[in-house]
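All chains are identified by letter, namely A, B, C, D, E and F, in their written order; residue positions are counted from 1 within each chain.
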């Protein structure tokens, strides 16, 4: 390492690319969730993710990053003023991890690291939305997102990665977010689903995915972006980054197989929704483990996670909570499996940082005994309890004040219309064919009678009229 | 032979189907329609332009039946389709001169 | 810097990746525009973008790059023969920016830089198409694209970045394309919309987006690719690249909030179309500024751009031009906001190149007075006038010669059928269910009676028959 | 080169990114194929790709990589035990290409190279599926994929790139997979189409694409990912990587033009399906040539490939085989064109490796005579014969044992329902509008009578009922 | 009671709706149909295979009405739907024996 | 004047259209419907939840015709639509009091 602070262009490029990849995951999630949802709520579902990108990015820049990665105050949060958004960090020396002995840190500009971690905060919040499709007022969602990010994600990221209680004190392992992201979001999702209650008609009424190619597309984009999420979390370009990358691929591939095999046996048919869900389950489970286990253990983890999550999604019918798009069944369960897996298969032999840097011990099957398994379980428990409790209180408070649950008629009519005054599609069997969409063109979109002219052959009749005062808008 | 046609709210289709099932009606044909009437529509907004949607989704149910059963069927449909709110729809009856079952060529009541 | 010309692998990788990211933006734009359009014109809308990739890439390689980046001839264009497509540039010394004193330049192979800039030319042309959906003959579009790229984009890129009047002489700032790309495309879009006239029935007839999930997907891909567009424009891996990256994210996130807040107040509902449009508006506005302002100024810019563009899109109803998908309201207006922003918030303190390399001065709020604001305004004006004028003449010429506007019956019937003999979708309520799409299978796709056989139960009837001579084709 | 083995972070980052890009190609292919297919089979079509990612990734890790890249045994395959999945390769010295004299090889961790090559194996298998849409039993497909990958792809990759007969002995050129990937998959696709036979009603019945925006989206993602496929195949960050990158862009752009021009002349209309197909044809053709020819030769290749493939897709009607989505017309034909192109335009002057490393000679037009053209033809022939023969035997064997072709009624009813118990879409003209999808909500999704309740106004009637034992699942 | 059914060009629906509105017709039901007749279709081409699309999108409009108003309604519809070009469609009248308003159970004219 | 309505299996539409064509029928109107009857549906499974789909896609064909041709037309439709398997559908005939061709205003037989 040179004495003068210098940028490591390899590490920096890898982080820049990884950051872009992780950003893409949230639109990918929006498509995944949107396609799984009924058509009448697809836009609201996607809007919860897009609004999370908007809101959380700004919060993260303003104070979130400081709370998570500012110098540790008390093991619970970082100095909120450390990197306040009003300041600017572009000095030669503003490299992440820079210290007296190592003035270059990891050789990555602070803003690059801040942006990378920003995307994690964004998607963790967005993940929660899958539990409350079709029934959550949008204003309530925004308020919840603000509160939960502030009280839960930012601190928890500090506990796990910022020098807080879980990482530094408990020495629990979490390479890229099994506890901080997935268990965290899953626990909050459960609380939200419980407070908001079931969708009208659930489970009696069938609520099947409205656009499965969209689901598969979303899963594909998530898979792609997840390489930045996992392999990027090594923060440097080394063999561990390579290990995290291939483990991510192997566990995900194995989870696809694990899920569809269970479907084949249990439901007599493997499905594309299942393959897509299996991929996500595998990605979730390998997240905490990708840089800490050997490839064969990653394959095994994928098979187990795919199979177990394929069974876990039925729990909601058993226990009667409407976790609409299975955030609990996939992210909470998958996150737990991956975190515990480290207690079994983590080994210093694939990543020296386990012992040397984090002070964690090898997993059970590598002679580490039950120590690490206990730490992993405790870490998961702490996050589960805190996230669930705060989410429950926040949701309950919002419901009692501005109201969180949509009115029944609005829910029945469709949340897209009620909350966003939009509808997802205007297709028809005739769409694009001669005459185009008969309905769209025929005026089924409706008109203000006052505004309706007698249609001349040359000009199609008016299906809709921009209201003047609007237009003047 | 008669044809009973009902235009109802989408949600009520299942109740109507069950009610007819209970009467021993063997089959029915349904289709998507859109209705305009007293029930008011809603508004959509895209990039500042507002659209009022006046036509609402409804379901048309058609049942071919023997004259003797017409009243029972009409009552069953009206009963099952009613929510009491504006827009519940209409049920009407028309005369059918002949019915044939394509598969067998059977005619009249046997075709049902 | 070494004496012997050497490739900087960090910079080169970053440019390679950025180039791929920017390429992806054009398909992303095609989806964004396609989804906003009515179903009967979705394919033509997307085809305008895809054909731009095909045509402009080849033109750029053949002479466009030379005109834009060849050694400056007269401040207006570069030596057209400099990098003619017939030549090959693979010598050790063919590194971009190589000079006697600095034989390695930025350490990036010439072809990598050429490819990176190629993607900018492609998307700038594609952006224009949004103004003329559903009514422009495809042949006319191709001719226009060829002419406008040659007479406007290539020279303007030279003016701004190639050592021409705007960058080198006027010392106006444009980090990644506020003037060269967005104001440029926006002005041309306006001219095109004026010459081609309104769609039949506009604005009386409602023309709502036909597939909003597609709009959001397109916005997501644009956002993702834009990191290459903006942060890649630094051309080297340094802290400014990191600044450009995080500013891009922050301004875009803020613009999403800005746009939906305006909708909430003005139209009583925030929409996903609005969130997606806000994202694009933010990306546009930050483009010229991303590497020249502090993060807090980027957040502010995003809020302003999102809010102003959300209002600007209503102008077309006021003034009565049919800028169908709001290229003017978003790209022209957003581009101007971002460019002027530099006159207010640009500061040498975040990027030394402002003063040292470009010879620009700080913005008003950094004590630079009105100098830079004036330069930015003048730069925008020059591009606006030239682009609008040439576009108008080109469009008018095409209309008067081969004809640009589609025939009324064809427009009413749908441009996809008329110009491309395709229709976007063949779905139906029964699609994929038992029996598949009733219509598709039942032969509503139609058959040549001559060709129609009596359908046997075992084999479904023929909805369509490849015409023999075609098939033989 | 340093004595101690060291990671080259530039090369490693480029390979990591390229690997992610190539992974994305398979979901992209799934969308491309899915959109081209009829609605009733879109899910099965996509499932064939997604299952290939799952299955082939695991096989590659376990023994495929060893067979392809293990030390050459007999020119036909590599030592299967070389990199067996049970082993772990994370030592300092586990860098790809490391030798005594060059302990760092290309400075890329072995797992990164393994992951990169893994993605090639995955997509090659997935490509084949386009030939047998709507009629192949899913179990049969999985078995075929397993067998073909093991007996054909793994060895052929060894022949071409692993030190086997084609590359090392025959000195044939294949930069990124013209023979190993496209000719290989195309030949297998033909065999599969012949063994499985025509879809019911083909060609009498029209089978048009059901979702063309999805086709264009898939093409866009393929184009994006292909930069990793081609430029990544250089394995190092140098000017040849830049050449491969820009050639990929130029040939693809030219192919888009080539294809739509042919359509314009032949069918009177250029189409978006054509532009998308042209892009894929160009990407295929440039794959083997991208790092070995000059840009102008790449442009020419693109024009030729686009035009020829646009004509080649009609062959199936002439010859009467149902290559449903034109794998032969695009990949087989395009692969051959690109491979032979090297015999005409390959030149050591753009890439010294041609002569020095691979021991190939310049193409005909560079004074190399017919030598290389002969080698290219022979290489293509070997792969064609082996792939076709093994695929035919495998398919025939599967058909005769567990059965490969779907039952007629199931095919007519739709393979998505029959094999996956799913249907792609649940939209309707009313989808998302007030009341949402009338049918979806009205219970046209059906209910078990037993389970059907009398619907209360407040609660919509039940379109479907999770079966209890399932739910208890 | 009568049922007036019209199959018209999609663009004309709005004009027809307004014309009926002007006559004081309180409601109507519409649906998407496809028509085959003298009006010729168009051609589509996918990867070199040509398809002729013979069925054209039309809209079916149904109005339940009192016999007294039938002629007025038929004339209004025909007038509003006419473009004078082939494919304008048909209007036909059938007898209805009974009509019920689901919401109230009202019968006959009161049901309209 | 009569209206012949047929609810048939989607695949058979083309055969029916040709059969009517052969009889010299100038036009017809078709629409997508879904049918419930003796023919059983299928099952779908999403994330472990099973759905039974009872309604099957059918096509409704409507032909306005002169009474004299009714039998020929009914027989032609039944013949062309028959596959002999359950679910082939129904054909029925109703009386039409008046028909108008929108384009010309022609009435009665001239309107067809």
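The rule is short, and it goes like this: a contact is a pair of C-beta atoms (placed from the backbone, for glycine too) under 8 Å apart; a residue touches a chain by one contact, two chains touch by 3 or more.
Please read these numbers as outputs of a predicted model, since none were measured by experiment.
Taking shared numbers over all numbers used, the chain B to chain E interface scores under half, which places it in the different class. Contact tally for B-C versus A-C: the pair with more C-beta pairs in contact is A-C. Distance between chain centres (mean CA atoms), chain A to chain F: 50 Å. Chain C and chain E have Cα centroids separated by 44 Å. Separation between the centroids of chain B and chain F, computed from CA atoms only, is 18 Å.
Chain contacts: chain D has residues 9-10, 13, 17, 42-43, 203, 206, 208-209, 211, 217, 221, 266-269, 271, 273, 314, 317, 412-413, 417, 421-425, 427-429, 433-437, 439, 441, 444-445, 447, 460-466, 470-471, 473 touching two or more partner chains. Each of the following residues of chain F touches two or more other chains: 11, 17, 30-32, 34, 41-42, 44-46, 48-51, 53, 55, 58, 83-85, 94-95.
Looking at the complex, you find that chain A touches chain C at residues 7, 9-10, 12-13, 16-17, 19-20, 23-24, 26-28, 30-31, 34-35, 42-43, 46-47, 50-51, 53-58, 61, 85-86, 88, 90, 94, 109-112, 114-115, 118, 138, 211, 214, 217, 221, 419-429, 431-437, 440-441, 445, 447, 451, 453, 458-466, 470-473. Touching chain E in their complex are the following residues of chain C: 412-413, 417, 421-423, 439, 444-448, 463-467, 470-471, 473. Of all residues in chain B, those touching chain A in their complex are 11, 34, 41-46, 48-55. Residues of chain A that touch chain F in their complex: 203, 206, 208-209, 263, 266-269, 271, 273-274, 277, 310, 313-314, 317, 326, 429.
Residues 32, 44-51 of chain B touch chain C in their complex.
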